[in-house]
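Multiple structures follow.
Across the two complexes that follow, chain A remains constant while its partner is chain B and subsequently chain C.
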Partner chain A sequence: MTQPKRRGCLGCSFPVLVIIIIVFLALGIFGFLSGAIGQELLQKYGVDIKFPDWMVIGQPEPHLPAPVLFNVFGIPITNTLIASWITVVLLVVISYVVTRRMKIIPGRLQTLFESFLGWIFDLCKSIAGDKNARRFFPIIATIFLYVLLNAWLSLIPGYGSIEYTEYEPVATHTEELPAGGHEGEYTIVTKDGVDYIEHRHELIRGANTDVNTPLAIAIISFVVVAYFGLTSLGMGWLRQYFNFGPLFRSLGQTFKGKLNVMGIFSGAIDIFVGFLELLSRFITIISFTFRLFGNMTAGEILLLITAFLVPWVLAIPFYGLEILIGFVQAFIFSGLTLVFITMAVTPHEAEAH
Partner chain B sequence: MGDLLTELGVNGGVLITQLVTFIILLVILRFVAYKPLMRMLDERSKRVKESMEQAESVKEQSAHAEEEVKKQLVEASREGQERIARAVKAGEEMKQKAQEEARHEAEALIERARGEIQRERDEAIGEVRREFADLTVLAAGKVIERTLDKEKHRELIDKVLEESSTEKKEQP
Partner chain C sequence: MSRWAAALRLTGIGFFIAACILGGILAGLWIDNKLDTRPLFILLGLAVGLAVAFTGVYRMIRLVIDNRQDKENNQ
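Then we have the complex of A and B:
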């Protein structure tokens, strides 16, 4: 059997490649012209081309709070929760499928899985040391996988574009409606003589773009840092934050007759420093939350805006950017958590001197 | 503050649900992903270690065997040398012995030859004596037969001797 002689480029023969390039360019040009910038330019030069409705992309209306789609046992289910559950299910299913039959000599999928998690494990080892890496690895890897998959899944078409419409009679609506009919979340429609409020929501939205998700992970991260700090250093960890010892010692000396002004002063400063440390620990939660939330939300808005301004082909590079940003954010979130945990289990005195 | 949080979308119920979701994910992944992964990594590193140890021991064994072989070779060559030396020595001894024997034999031969010669000479001398006596007797007979003067006596003896010599020449 002889291998047929292959000619061409990128796996296609030249004519096919040329056709593909032409189609691609045409899509790019038409997409650009149908977008907001293109329309503006066309009108400026007096060319009036109307694109069909299905080609024109409406102005995006980003809004920060995730809409509640329905309630289950009093728990509000938002579209971001659905997205995060999809992430969870996907992660569990992939892990189960891969680890169900693990082999010493791994197959392709297992190699991928192992090398990725092994990379995270090596990261843990390089920062926390061999002994602690095993304890920290599960939480770090979970944060990484969860954030990463949340970010990447939200790039899949359907996230933020499949809509869910809900009708609510105006009469039963208790809250006052904001003025301005077609702003954001609702329109008033009349059906059978009754006014309904039409809520239109995305069915699924990237979980990281809801502030609750980053906040939840940040709280987990905080709790984990506190847990490891307490179990490793015990009271020593708390002493970093509630450092009353030196002050009380100095006061005790004062009652015994030895007035130690410098001791009392530095004791007070120690308490203050402890307070600052405590504050910074809580501020860490906020910075964790808003770093991820801000990046992800900005990314999504960026994608919406590019899809509106220069739709189709020219918006594609931004997806690459978002893939990179998703990875970087996952890396930062888990890496910082790892660093904080490592700092929490390292004795403070040994670190200072 | 509360307004700000609402504006941002912070929602207690959703937050708690997210926390629970994350914890569930953590627990499930711990059993589904991390434990098997760690077990596998440990197992693999154990195997690698084992096989490396095995390789090490095999190497050691082979080095040992090689040393053994070398030692045996040295031993063998030494033994061979020794054997050669012994053989050479034995050969030398044998040669010496043979020489000795040969000399003995030769001496014996010479001795015998000498004896023979002695005997032959004695015999010859004896014969000569006997012959001479005979001749003497013959000559004396001749002398007695005639009266002889001194010159005739001489002549006679010469004649006899001549006769005997011619006789001897013809005889053998």
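Then we have the complex of A and C:
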């Protein structure tokens, strides 16, 4: 049987392909000209083309601390918190929809999620072993899905582009306003003869771009490691960090009249090693936090800047990059947690071999 | 432990080195400002931080090296 001769390329016929290429080229040229770089070049060569307002993108102003939108019972609600609620709700909805009608022979949706979770489970098994994988799987999968969905949801248009405007009377504002008025995140508007400060915030911002979210997950992962370590090894787990036993034993021998210099020395080294372990455990929290926070915030700012420099076209490859980075960060976060839990439940003597 | 585990473990090395050196220097700076002995304790803190960072990194990569040597011996 011969394959029917296929015409066209990339799965579509030539006319369609040509149209697509032309559209992309037009978008690219117009995007380039209306962006910051193009405008600069046009002004340099004295060409004055005015683009309509909706085509011109203002200079992005990234803010690191998440702005507080409103307070509930004195608890400040930030835009990143709202984004993380959306993530949680979406996770619950997805898991309800997928598991509502489970079948022995799974449908498309069920197959997708089964293979995805199966992949995470295989990862657990390859690192933690068959016996422990079942114990660790829930927490690892939760961290993975939460971080992944936080990262991917923040790529959806609307995250960061829907704005929330807040009016505060100038009279009640206590801090001194910087000169200018358009600098920063506010403008002064006049309504009914009263001056108001107009604060504009993003209504939703990717939850991972707030340093508190990665910090919270890092602390959860730390607590989980400590919990599994304590329940599996008991005092043996603590002894890794506070190893005073050998030193006191040698000191005791010294008091009994047997001077054991080498014992005291190695006991002191044991304490130092324990201190080192403790230090690296706490540095883990910091590194977890800032790895995720840094990658996600940098990605957000990168997309803002590319959309500002050359709108419409240049940001597309970086969207692909951000999808990849979100996945890699989720994988690193959950995988590292898994590695540390596995190390915490493995007796120290067995680990050295 | 599998290769994944070893590789993931090594992702924390950079942060560990940075945190150790920074912590040592900051502690030295703080003591110096208290005792007015600059730059004695900064240098001391730097030395201690470097030593701790080196020891910690050595302990981290020893796991990987041991793994590989075990494998080579088994072959």
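Following the convention adopted for this analysis, the second predicted complex is superposed on the first by the 326 of 353 C-alpha atoms of A that agree within 3 Å, B and C clash if a C-alpha of one lies under 4 Å from a C-alpha of the other, contacts with A are read in each partner's own complex, and residues count from 1 in each chain.
In this text, contacts are C-beta pairs under 8 Å (C-beta built on N, C-alpha and C of every residue); 3 or more make two chains touch, one makes a residue touch a chain.
This structure is a prediction, so every number in the text was calculated from the model and none was measured.
> Would you check which partner chain A:L123 touches, where first means chain B only, second means chain C only, and both and neither mean what they say?
second
> Name the contact category of A:V88: first (chain B only), second (chain C only), both, or neither.
First partner only.
> In this superposed model, does chain C or chain B come into contact with more residues of chain A?
After superposition, B is the partner touching more of chain A.
> Now for A:T284: first (chain B), second (chain C), both, or neither, which partner does it touch?
second
> Classify the contacts of A:P138 with the two partner chains as first (chain B alone), second (chain C alone), both, or neither.
A:P138 sits against chain B, while chain C stays out of touch.
> So, A:P76: does it touch chain B (first), chain C (second), both, or neither?
Only chain B is touched by A:P76; chain C is not.
> Name the contact category of A:L336: first (chain B only), second (chain C only), both, or neither.
Only chain C is touched by A:L336; chain B is not.
> Hey, which residues of chain A end up touching chain C in the complex?
Against chain C, chain A makes touches at 123, 126-127, 273, 276, 279-280, 283-284, 286-287, 290-291, 332, 335-336, 338-339, 342, 351-353.
> State the interface residues of chain A toward chain B in the complex, per the touch definition above.
Listed in rising order, the residues of chain A that touch chain B are 64-66, 68, 74-78, 80-81, 84-85, 88, 91-92, 95-96, 98-99, 102, 104, 113-114, 117-118, 121, 134, 137-139, 141-142, 145-146, 207, 210-213, 215-217, 219-220.
> Spell out the residues on chain B that touch chain A in their complex, using ranges where they run on.
Its residues touching chain A are 6-11, 13-19, 21-26, 28-30, 32-34, 36-41, 43-44, 47.
> Where on chain C does chain A make contact in their complex?
It is residues 1-2, 4-5, 8-9, 11-12, 14-16, 19-20, 52, 55-56, 59-60, 63, 66, 70 of chain C that touch chain A.
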